[in-house]
Each structure stands twice: as C-alpha cells, then as structure tokens.
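Listed after this line are the structures, all set down as structure tokens.
Below are two complexes that have chain A in common, paired first with chain B and then with chain C.
For the complex of A and B:
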C-alpha cells in the first residue's frame, strides 16, 4: 500500500467514524428534544414537527390532573424518606465495613450490595408475597420497604468508595494530636466522605423517584407513585400531558446532575468506578 | 489516571467489635427482614401447588415442581428467546457505538469537548427510564413523529419486526451511555504509543486499531457487554411500553402472572428462573474482571 493511498484510507475511515458518532449522538439526543418541543405544542393532537404555535396547555392540564398531584406527592415522600433512611443506615454500615477487618467482612459487604444483582421485578414480587403473608397491605409501607431495598446498595457503595479513597493519615494525625475517636470521626472522617454520601443520596433519590418495576407490585388503589401512574396512562392513551411530565422529570434529573457536579465533580464520579458495577 | 497510585499503607485503627456490630446491625436486620426473607418466601412459593381462582398459595399447599415443569413449553421458551435475542442485539450494537465514542472522548477530543460529552453521558445514564421510553415512543413509535418518514421508506410501524426493533432501540438508548462510561477507563489504560508506533511503521489506521486497540480493550469490552446484558435482561419499563404487549420479556411475564392471571406460584417460578439467569451472567462479569485483575 502506498503512502498516499494509506493516508486517503485513514481520512475516509476518520470521516466515516465522525459520521457514525454524529448518528449515535443524534439517536441519543433527538428523542429528548422532540419530547421537549412537543410538550409546548399548542395543538390538541399529535401532529408533525415543528408545532405551529407554542403554549403551556399541557403543563396546565398536567397540574390539574388528580392522579399526577397525588402520585407526585407520594413519590416525593417515599423518595425523601428512603434517601434519609439509606444515608443513615448505609453510612453506618460502610463505616463499620471500613474500620475493622473482622472475619466474614467481604461476605457482609456482598450482602449489602446484593440487592443490585437481583432484578427489580423479582424484588418487587417477592416483597409483595412476603408482606401480604405477614399482613402488611398498606401501600405506603410496602413502597417504602421496596425502595429502601433497591437504593441502599448505592449509598453503601459510594460511601465505601470515598472511605477507601480518603487519606487515612488525617484521621491518624487527629488521634495522635489528642482527639478522641468520636471527635476524629465527626470532625475529620465525616467531612472527608461527604462527597460519597452526597453521590449515594443523589443516586438513591433518583432511583427511588424513577422506579416502576418494584413499585408496580407494591402500590394499592389509593397509594401509587408518579411513574406508576404515568406508565398506566401511557399505555391507555397517547396524550401530550405525559410529554409535559417528562420535561419536568428531565428538569429534576438536571438539578440532580448539577448537585453532583457541584459537590463531587464528574471526574471523581468516574474515578470511583461508579458505573463499572 | 495513568499515574501510579501511591497508597499509604492502611493503618489499622483498632475498633471495638461492639461498635462495628452496632453500626452494622440496623442495615443487616433490615436487609434480612425485607430482602432475604422475601426471597426465601419466593423460592417456597414457587414450589407450591397453584389452585386456580385463589390469590396466592395456601399455607399448607403440597410442595411440587409443577410450576417449573409448566415453564418447559414453547411459549415460555419464546419469551426467553425474545428476551435474549433483543438484549444481545442491543448490547452488541451498544458496544459498536460506545467503543469509538469512548475512544474519541479519551484520545481525540479537547478537554472542553470531553467535559461536555461526559456531562451529556452522565445525564443520559441518570435519565429516568420512563422519560427515555416515552421520548422514544414519541419520536419513533407507531404514531410518533417519524411515522411519515418510515411510511415513505416502506416500513410499516405496526409490524412485529418494527416493534421488536423499537424495543431494542429503547435498550440501546440506555446501553450506549452506560457502555461508553465503562469503556472510558479501559481506553485510558491503553498506551496510545503502541498504535502510533504501528501507524508510523506503515499500518493503516483501521489495521492498527483492529490489531492493537481492540485486543487490548477486549476484557473491558467483554465486561461492558455483560453489564449491558444484565441491564437489558432485567429491563421492565422499556419492553412493557415500547413492546405494547406484543414483545414480552421475562420481567413482563412475571408481572402478567401477578396482575392478569394471579398465578403467584407460577410467577414465583419465573422469578427464580430470571434470578438464576441474572446471577449466571453476573458471575461471568466477575470472572472476566478477576482474570483482568490477575493479569495486570
């Protein structure tokens, strides 16, 4: 192969590659843009793009729907409660796993992360069977149980990662300088692992707010989360109010991402191997 | 990333075991009560006899393997095949898209472009499954915006083939950002000078990448594929909404056994099958990662 032919081939390959990446990014982003655009569509039906006029009608309809406001309230209550329980229990467990090397430590760690490897549908179904057998039929309690199980591993994992990434010499220095174990923990260790706690809390909140697979089994007729209500309506009718709901949910994700970027930074997020499962 | 991490030797701070136990107890008790016990109950339920018309099995129902035997039918095999076929297709396509993307982000993009791209990918990973599904339905669904385009191309957006493709596209939309973020680390660990050397010795770019970058990234590619597979196999919302009941995944079968026919023992048996499959795929992941760990 001659030099010029090689260079031409490389340039063609490079061009094809850029084109392919463009296509991939378009595939990832276009549906979201279409949704945002249609959520502001003034027409009462699903017509071709672009919409001739924009309006807030779908958002107005969205907030006027009973099932949306009830569902959103339940979802937020569950997500906040779940996240708080997770941060307490998960941080305590991670600190315990980090500070001592007792026999069976890796087994205990595996137990804490194990809900991640069980499909959510299986967790939901198992909990439904179990809770109705022991007589708990209240939707709110059932949802809370389900959401805690599926989100706890995220907090344990991120806090553990930040614990093992911290400089242990700082805690040691505090102890050498006369701090009690309590003081060293509250004043040195806890501030050092704050980023892990925030990341874990954000993930727990996002997962809880978005869950359908577990919640589908655990709702009762009067207690349901927003995603469950939306999915049922998505199957029933094709209505752009759900596009408006999608825009709101995207805004929630955006806020969560800004929180993550502010407190943690994406580089740290990747460095901790969060997405390596 | 390439810097050798200088790990200070772990200083063992002797902790009274009582404190450790005290800190672990709430989490362990909670997981025992609302995770371990329910799973155990699920196994038990899957072995109970199903009485039609009854919600849940009787406490003293005789134990039987009937629920599992019932799964050895062509219709259940079809669901299994559909789940695996679409998951594998989405995971492979996801890898094909994610690998060049991750490569460009690490090796070609300026720091600014890199930050924007990674930000976008993190956003897409965190994006609500529901929003993702609905957005795809709105854009490419049977009544979606792209309908005239498909009709012009002679593709019927209501055909079974199209519905299957749409479900796979839904999985793909979730898998691409996931795989790309996983592969960033893999590619960062490959010395770019190998490829440069091959190219300065006369190899065309495609040959250099195929012969050097891809083999070196292979363990990372395999684990990214398997992670995508575990995600896809247990996907629930995507096949339910985009499949419109015509494409059923294992997870959807569990839900229908619960909601439509109220056959709990059979639903439990399907759940156990699904759990075993997920565990098998995941043990492959850890096998690949352990082999990679022992080699480096």
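For the complex of A and C:
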C-alpha cells in the first residue's frame, strides 16, 4: 500500500469515528430536546414540530395536580432518606469488604451488587411479599426499603473503587506517625474516598428519583412516588404535562450536579488521579 | 548505652516464600546503616518488621533496648521515609509535618514552631501552606523527610529514599540527606538496591541476599573485599578470571587462567580459583609501554570498544587468549584510544581478590 493510500485510510477512519460520535450524541440528546420543546407547546394536542407558540400551560397544570405535588414530595423525601442511609451503610460495607480477606468475600460482594443485575420486577415483588410477611405494610417504609435495596450497590461500588484506588501507604504513614488505626481511618482514608462517596450518592439519588419498576409494587393508595403517579396517569389521560414533569426532573438533576460541582469540585468528583503521588 | 536496633533470629514467611530467614544484627545508637540487596531479597520486609507493619514469625526485635516485637506501629517511635513519600494529598505541607506531632501528644502551642523549624531544616521555609501536588519531586521528598523527623524519632528508616528522583537531583539530595541525618543525630537505616546510595549514605553496609544478611562491613570493605561472587558483582562492575593455582609462595599464588594468562594473586586455600579485578584498578597503556613491566600482572590485548560515560570511560579489551577484560578510567581528551588498537593492561597483586571457584553465592552449601 502506498503512503497516500495509508493516509487516506486513516483519514476515512477518523471521519467515520467522528460521524459515529455525532450520531450517538444525536440519539441521546434529540429526545430530550424534543421533550423540552413539547413541554412549552401552547397547543392542547400533540401536533407537528416545531410548536407554533410557546406557553407555560403544562407547567401550570402540572403544579395544580394534586397527585403530582404529593408524588414529588414523596419522591424527594424517599430520595433524600435513601441517599443518606446508602452513604452510611454503603461506605461501611465497602470499607469492611476492602479490609477483609475471608474466603466468601467475593460471594458477599456479589450479593451486595446483585440488585444491579436482578430484574427490578423480581426485586419489587419479592420485597412486597417479604415486607408484608414481616408486618411492614406502610407504603412509605416499603418504598424506602425498596429504594435502599436498589440504590445501595451504586454507593458500595463507587466507594470500593475509590478504596482500591487509594494509596495504602498513606494509612501506614499515619500509623507510623502515631495515629491509631481508628484515627488513620477518619483523618486519611475517609477524606480520600470522599469523591467515591459523593459520586455514589449522586447515582443513588438519581436512581431513587427515577425508579418506576420497583416502586410500582411498593406504593399504597396514599403513598406513591412522582414517576409512579405520572405513569399511572399517562394511561388515564395523555397530555403534555408529562413532558413538563420530565423537564422538571431534568432541572433537578442539573441543579444537583451544579451544586455538587460547587461543593466538591469537579476535579475531585472525577479526578482521583490527582491524589496519587 | 543499648543498641538502637537489635534483631535476634528474626524470620518472616509469606506462604512458601521466606522473606527474612533467621536474621540477627544490631545497630549502634547514632549509626547510619545501609541495608542493601537486590529486589525481593527481603530488605523491605525487614524495614516493615522494624516499623511494625509486619510481625515476625520467629525472633525478637528491640528498639532502644525495649522489646517491640508485639507492638503496633503507633506504639513505637520510628520515623519512616517512604519510597514515594506518601504525603497526605488532602493536607498542606505544614499539616503533613504536624500530623505526627499531633498524634504523639506534642504541646499544641509548640507545634507551629516545631513545623517551622523542620521546614527550615529541609530548606523549605514559606512552603507550609502549599499542597504536596504543587511541589516538585525533590521538594516532596524533603517534606516527607521533615515529617518523618518532626517527632524526633530515635530511629529513622529510609525506604529507597532517592530512587524516585532523576539522576542529577539524586546526587544533590544524597548530600543533603546526609547532612540532615547528621544534624538530627538519630540512628538511621537506609534500605536500598542501589549500591552507590548504600555506600555514600551508610557507615556500615548490610548486604542481603535471599532473606539473609551475607556480608556486613564498612562500604570500602564490602566493595574492596567482597566475601562472595554475589557480593563482588552486586557492589559494582568487576572482571572475573577463572584460574588454576600452579605454585604457592608466602601469601601469594601463581595462577594460570583458562586462556593462558599467567597471574600473581593473593593466596587462596583452593586450587581452582575465581579472581576478581575491579575495572578501575586496571591500568591500560599503549602496546609496548615500559611502565607496565613493573606490574605484577600484565598482558597484551586489543581494544574491542570504548564506551564514553562522561567523566569516565569503559574500555573493553580482548586479551591474546580470548578473555575480555573491562577497564574503567578517567576520560582524557584526545589520546586516540579506539577499537582495534593494541594495548597492554596491568594490575598489581592487591587489585586482585581471589576466592574458591564454584561458590557463586557465598552462602553455605
């Protein structure tokens, strides 16, 4: 093959990669953009794009619906509580798993991470049966339990990753400088795995806010999350309030990320590499 | 005064591997010892046993006369300089240095002064509020040293202290490290695989091989009178000549090498001998130089190649009998030595170290 032909090949391949990237991006972003556009559509029916006029009517309708406000309040409460419990239990579990070296360690780890693989319908149904058997029939408690089960793996996984990425000699350095193992954990290990904890918390919060499949099983007539309420009502009457709700949820996620960026810093959120010598 | 460190028959096994094999030694207070050996010889395990990260399977360890075998790291006062510094990345330089002081119960009001004094000791005044990642490798190393010395440990361990730095910086820091260690006047153990580092920092060198200490001595002794082929090779470049003793005189032996070189060397109880000659002890001159006639050993050969290393050069000479001899000499400009040139090499009797052949490790068979 001549030099020019080789170059041409490279250039074609590079072009193909950029084209592929563009396609994937379009595939991911276009539905979101369409949703945003529709949420502000002034028409009372689903018409062709673009909308002839914009309005806030769907948002007004959204906040006027009782089931939406109730659902949103429940969702937020559940998400906040779930995330707090996850960070606590998940970090403790990850630290224990990281330290121990017993024979069944990988089995225990698999159990901790299994909710990522087991179908949500199975988890939801199993939890419903189990919780009613042990006498928990309150919808809020059931939802909280279910959400902790499905979100805990995210925290365990990200904290485990940051634990295995940290430099163990830092703990040894603390010990040799006179710190007890307990002190070394609080002073050295915990600050270094903070980024893993935050990342896990963000995932847990987002998954909790978004879940439908498990929540469907665990709601009761007066306690339901926003996604469950939206799905139920979409079947009854389809209009663009659901687009408005989607935009609202996106906004919550965006605000969450911006707040985190301010508090934790993006470099810490993503770049644990900084913390290796 | 009791010894600063005392190992009594210490062993440490990891599965099937014996990392430390029945090792005993003692280090006097104020002494600087270099623990030298190839990677995997067990030197790091010894360091970790002294620091308290590993517990020996057998034997006892004392520091300053106190049996510390069963004590946790924080129950001993040992300073440790890590190979890659292990500075706490989320703390400032000052917080790093203060960490040991805070956890060793120093008076809180005195900590800032002590931190300043340590920064001054390693010439980093004004760097207290920086973070480790804002410093160069050499500066990080000095912060690590200040942190290790801040609590005035009776014993400081240095794990490959200079190996993470580039060659030029290493030489500067080696001198500085030596000054600082002398200034704080504490006992020190340098663990290293680099014989230059060991010889320049240690007052005594402990040479390790396969979990055991095979030779102990002043750097010049271990270099100049290696006890085994391993010791000779590990301490520096060397020429080996295999020979057979043909005649003995008082303290001397006449020997004939495989390729027919006739040599006069220090006597050795064995008839089959290995002769070690350091390349810098060999004098090389033009083919018929009369100076060489005074040498106990001289032979003719031809230059194979010349490798220029800056201030020195290595010249590989092929002898008439086929042996290849490496000569190291100061690099002189313009003397025109080059491949193919006929030369004479010579070396005195005391440049030769003889040892019985066939004992490459020097370990008891």
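Here, the second predicted complex is superposed on the first by the 227 of 277 C-alpha atoms of A that agree within 3 Å, B and C clash if a C-alpha of one lies under 4 Å from a C-alpha of the other, contacts with A are read in each partner's own complex, and residues count from 1 in each chain.
Keep this in mind: contacts are C-beta pairs under 8 Å (C-beta built on N, C-alpha and C of every residue); 3 or more make two chains touch, one makes a residue touch a chain.
Note that this is a predicted model, so its numbers are computed, not measured.
Enquirer: Identify the partner contact of A:113: answer first if only chain B is touched, second if only chain C is, both if each is, neither if none is.
Expert: neither
Enquirer: What is the contact status of A:191 with respect to chain B (first) and chain C (second): first, second, both, or neither?
Expert: The answer is second: A:191 touches chain C but not chain B.
Enquirer: Answer with first, second, both or neither: which of chain B and chain C does A:38 touch in the superposed model?
Expert: first
Enquirer: Check the residue A:176 against both partner chains and state whether it touches chain B (first), chain C (second), both, or neither.
Expert: So A:176 only meets chain C here.
Enquirer: Would you sort A:167 into first (chain B), second (chain C), both or neither based on which partner it touches?
Expert: The answer is both, since A:167 touches chain B and chain C.
Enquirer: According to the stated criteria, A:259 is in contact with first (chain B), second (chain C), both, or neither; which is it?
Expert: neither
Enquirer: Quick one: is A:65 in contact with chain B, with chain C, with both, or with neither? Answer first, second, both or neither.
Expert: In the superposition, A:65 touches no partner, neither chain B nor chain C.
Enquirer: Which touches a greater number of chain A residues, chain B or chain C?
Expert: Of chain B and chain C, more residues of chain A lie in contact with B.
Enquirer: For A:14, decide between first (touching chain B), second (touching chain C), both and neither.
Expert: The answer is first: A:14 touches chain B but not chain C.
Enquirer: May I ask you to decide whether A:132 touches chain B, chain C, both, or neither, giving the answer as first, second, both or neither?
Expert: After superposition on chain A, A:132 lies in contact with chain B alone.
Enquirer: From the superposed pair, tell me which chain A residues show up as contacts to chain B and also as contacts to chain C.
Expert: Residues 167, 169, 172, 175, 275, 277, which sit in both footprints.
Enquirer: Spell out the part of chain B that touches chain A in their complex, as residue ranges.
Expert: Result: residues 1, 8, 10-13, 15, 17, 19-21, 23-24, 26-28, 30-31, 34-35, 37-39, 41-42, 45, 56, 97, 100-101, 104, 115, 118-120, 122-140, 143, 145, 148, 169, 172-173, 176-178, 181-182, 184-185, 202, 204-206, 223, 227, 230, 233-234, 236-237, 240-241, 244, 251, 254-255, 258, 264, 267-268, 271, 274-275, 278-279, 282, 285 of chain B touch chain A.
Enquirer: Applying the document's contact rule, which stretches of chain A touch chain C when the two form their complex?
Expert: Listed in rising order, the residues are 167, 169-170, 172-180, 183, 187-188, 191-192, 274-275, 277.
Enquirer: Hey, which residues of chain C end up touching chain A in the complex?
Expert: 51-53, 72-74, 77-80, 82, 84-90, 99-100, 103-105, 132-133, 140, 147, 151
Enquirer: What part of chain A is in contact with chain B in the complex they form?
Expert: These residues of chain A touch chain B: 1, 6, 9-10, 13-14, 17, 20-21, 24, 27-32, 34-35, 38, 46, 48-49, 88-90, 92-93, 95-97, 99-102, 108, 111-112, 114-115, 117-123, 125-133, 145-146, 148-149, 152, 156, 167-169, 171-172, 175, 181, 206, 209-210, 212-213, 216-217, 227, 230-231, 234-235, 238, 242-243, 246, 249-250, 252-254, 256-257, 260-261, 266, 269-271, 273, 275-277.
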